[in-house]
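Letters A, B and C mark the chains in the order given here, with residues in each chain numbered from 1 onward.
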Amino acid sequence: MMLTLLLTPALFMFLVSFLRNENAKYLLALSSFVILFPIVDLFTFVKPYAILGTYLVADKLDTYVLLVSSIVGIGVTLALFTMDKHVTVSPKAYRKFYRFFAIFWIGLIFSILSNHMGIYWIGLELATLSTVYMIKTNHTPAAHKEAWNYMIVGAIAVSLILFGIILMYASAKPILGEEAMQFDLLLKHAKEIPSPFLFEIGFAIATIGMFVKMGFFPMNLWLANIERSSFYPVAALFSGILESAVVIGFFRFSQIAMEVNYNNLFIFVFIYTILTIFIVSFLIYRAKDFMRLFSLSGIEHMALIVLFWVSGSPFAALLHFGAHAFLKPALFLSTGVLETNGKFKMAGALRGYTGKRGKIFLFLVSLFLLAIISLPPSPMFFSELYGFGAMINTAKGSDHMLGMIGAVLFLLILLSIIFYRFVSIYQSMRYEGEARSRKVYAGELFALILFAVSLVALMLPNTLHYLKTVI
Amino acid sequence: MILYLLTVVLLILIAPILLSYIKATKMVLFFKRPISLMQGYRNFTKLLKKETIISEETSAITRYAPFLVLSPLLVTVFFLPPIVGGAYYVSFVDAFTITGLISLSTFFLMILGLDSASAFGGMGSSRESFISALVEPAMVLTIFSVSLMADNLGVGQAGVNLVAHFPKEHMASYLFAGISFFILLIAENGRIPVDNTETHLELTMVHEAMILDLTGVYLAIIETASSIKFVIFASLFASLFMPFGLEFIAPIAFVIFVLKLFIIATAVAIFEVNTAKLRIFKIPNLLGLAIVFAFLSLITFYVLGA
Amino acid sequence: MVDFLIGLFLASLIAALFTTRLYGLLFWYSMNSLMLGLLALGIGINIDDKAMLLTGVVTILIKAIGIPYVLKNLSHKFNFARQIVSGIKMQYSIMLVPIILVFTFYLSVPIVDMIHTNANYVAISISSLFLSLLLIMEHSDVVPKIIGFLALENSLFLLGTTATNGMPMLVELGIFFDLLMAIVVINLLFHKEEMKI
């Protein structure tokens, strides 16, 4: 029943996208809004709530992720209203975008809510494949090339995840039989897995697949290139929704892997993420346009989320995740406005906004830019505080205390490089270059306001309490 | 002992027939009227009757080399695995000896080519050395791998062991060795993707270029040598990769073995009809494939035991 | 028998690596899938698993016949170059393939000790995974890359079939569904290319 409710809006969107009517645009947007209601409904249920037997189970973690994703989806839909004002897009391509957006949602709902490794993978693959076409809605050779690029690299990354899943399944099959694909059973019986080495190999391979998909070392630039060449709402979908589907998989797999062998997991992820942040911070320093800048900063934040999660602070990871999922799409959507005229030029991008809308836009973008580098009132500041605290905590009492403090200091240095770069970009946007008049439309403004409100909602005591009780 | 000698005689006698059979099959497949199976013998007798002319430019090597080409191959025939159960066989000869003897024959063929009066001879020799250098490692690896599966390094003993105990548990590596050996059989005998013995086009010929000058008896000897080389490879393939039929009594076993040879010849003919001749510098690709499979066979056996 | 099929599986993949013709590549991919399907059927009969039999039949129908046919049609329609050039020179790939095989075989030795049924096949499927990655890497054209991706999928299926005696039915059908989706997307991407020109 619940599943039907969840899937109906997406199916409706899929069907409506075949209509050639001019007004279908509003119906499509409406169906995208409607997705929120069953998800909010699901949010209020007593957890865990079985949606489809043991295959799809709603618990606190996945409803949170799904809620965040659906709000991002609404924001993107709002911005899509006025996308044709900033870029050229044919009505046919617009409808096709929604068609694949619907498939994307179906894949995503299955993937996020699944309690089953196989279904998680199927949903993820479906979402990946549908984004390939969304990239292609931009009719440029670069977008065409990057769509192929995404198709092949994304498919390889997802195949690696499947490979890992098969190995994990093989490791647990002797004790659990066919049910060895369920996350909750695996978690419960993690200590009894007969061949932990096999499980760890599987986990490592699946993790590498997910990391490649999130753009970690060594694939740092492929997501940036793709987001550069596609329309800006696609980039927002990538950073806000698709990466949350990947990261929830990582959360679930690593929960089990923590039970199997915490030390191996921690060292593996620790080295991987620090290497990623090290490279990404210098790439950010050299970034020349907004899309690449934000995309690379997305990689940095994903690495931080993963690091906080494995350091044993789910609260920090989830708070950071929520803040990032709201901030990054907001920034990506505002690039649509920032880059309307004078493409790729950073200097003076924030000048020349007049009128009430322009003022609000200016204020919101400045707010987001300063929030993404975790200046104090931003939720990211608190999550990083908690996260680094958790990192120190894990090392407490062991012989690696000094090393851990060194690593945290190193991370802070890297983060301050990024901080410095963002501040200087903000200043050049604000005070350098010549001012050109730009128009801001209601659609994207509403989207930005929605994200700002959700960001504030994230800081409410109730939300924080909820996040603390997720695990 | 009598069976052993009979086997040797049978192999030598059937050699020209096999080559004629391949030619006839190809002609049938091309919708031509096929030549008779006895064509090999006819050519042989005709060449014996013809006058033998030796170019003034050549040295004594041209007179000795044809015999030296034939004799290592004839020796090899004696070392092949038995085709009848209970027959005498030489059990201790391993992959290196067989490969070495075949290379010795090839070496004298190349010398012969270099000694000839025409410029084609040197070209043919250089091409032949190019091919056989690539064939040898694959051949050693393949025969070794099969010998290991049969638990004996001697090729003759390996053939017997394979019949007694078919390597069911090593099917994968056995298959790889089979593929590799079939490619070698094609390459080393100058069949179509590598060389075409039926044409005398200077761009493509390898084997024919070396023997372009020869006439009469010498040519007959070289032709015999090449047919015996084919029969050696076919017989090795039959005993190592189709290991059955040894348990029957002598006449039936002989018939089965001859049938196997004809099946291999048919396979070669069909393969030849369906492929185009490779450019000379593409040949390493084909032989590289053989080396990869031979190596794969060996390491699959060693590491996985599969 | 299963050993024999798995040998043919690997052999057809290696042949696909060395081929320089588009149709040859499609043929070897089709052979590869056929072997996979027969393998699933063989194992399914052995352990008497209905789901596995169904998987085998679906594999043969979709992967060995359907997808090569669709790709061949596409290549007719859009006039792809039928000569495919490998970016890695042949002599290097001749060295590279054995290196990959040795590496993966030794890599999987500890795994082989842990899986008791069909232990060797895990090693072969891991090595075919790497070979498919090599196939993707060495070509710069789109179609060989797609074939490489599909071969990757095949080797994952081989792992699923042999290491675990078959994944749950639901998952296998889901993977097939995703594969069809992939083909649809590929088709759309090609169509767009035509529109642009």
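Assume a residue touches a chain if its C-beta (ideal position, glycine included) is under 8 Å from a C-beta of that chain, and two chains touch if they have at least 3 such contacts.
Given the structure is predicted, the values throughout are model-derived calculations rather than measurements.
A linear topology is adopted by the chain contact network, the touching chains following one after another without closure. The central chain here, found by comparing per-chain C-alpha centres with the mean of all protein C-alpha atoms, is C. With centres defined as mean CA coordinates, chain B is found 64 Å away from chain A. Taking each chain's centre as the average of its CA atoms, chain B and chain C sit 35 Å apart.
Chain A and chain C have Cα centroids separated by 31 Å.
Chain B has no residue in contact with two or more other chains.
Residues of chain C that touch chain A in their complex: 110-111, 114-115, 122, 129, 133, 136, 142, 145-146, 149, 152-153, 156, 159-160, 163-165, 167-168, 170-171, 174-175, 177-178, 181-182, 185-186, 188-189, 192-193, 196.
Listing the residues of chain B that touch chain C in their complex gives 168-176, 179, 284-285, 288-289, 291-293, 295-296, 299-300, 303-306. Interface residues of chain C facing chain B in the complex, by the touch rule stated above, are 1-4, 6-8, 10-11, 14-15, 18, 90-91, 94, 97-98, 101-102, 105-106, 109, 112, 120, 123-124.
The touching residues of chain A, when paired with chain C in their complex, are 55, 103, 116, 118-119, 121-122, 125-126, 129-130, 132-133, 136, 139, 141, 144, 147-148, 151-152, 155-156, 159, 162-163, 166-167, 169-171, 173, 178, 181, 194-195, 197-198, 201.
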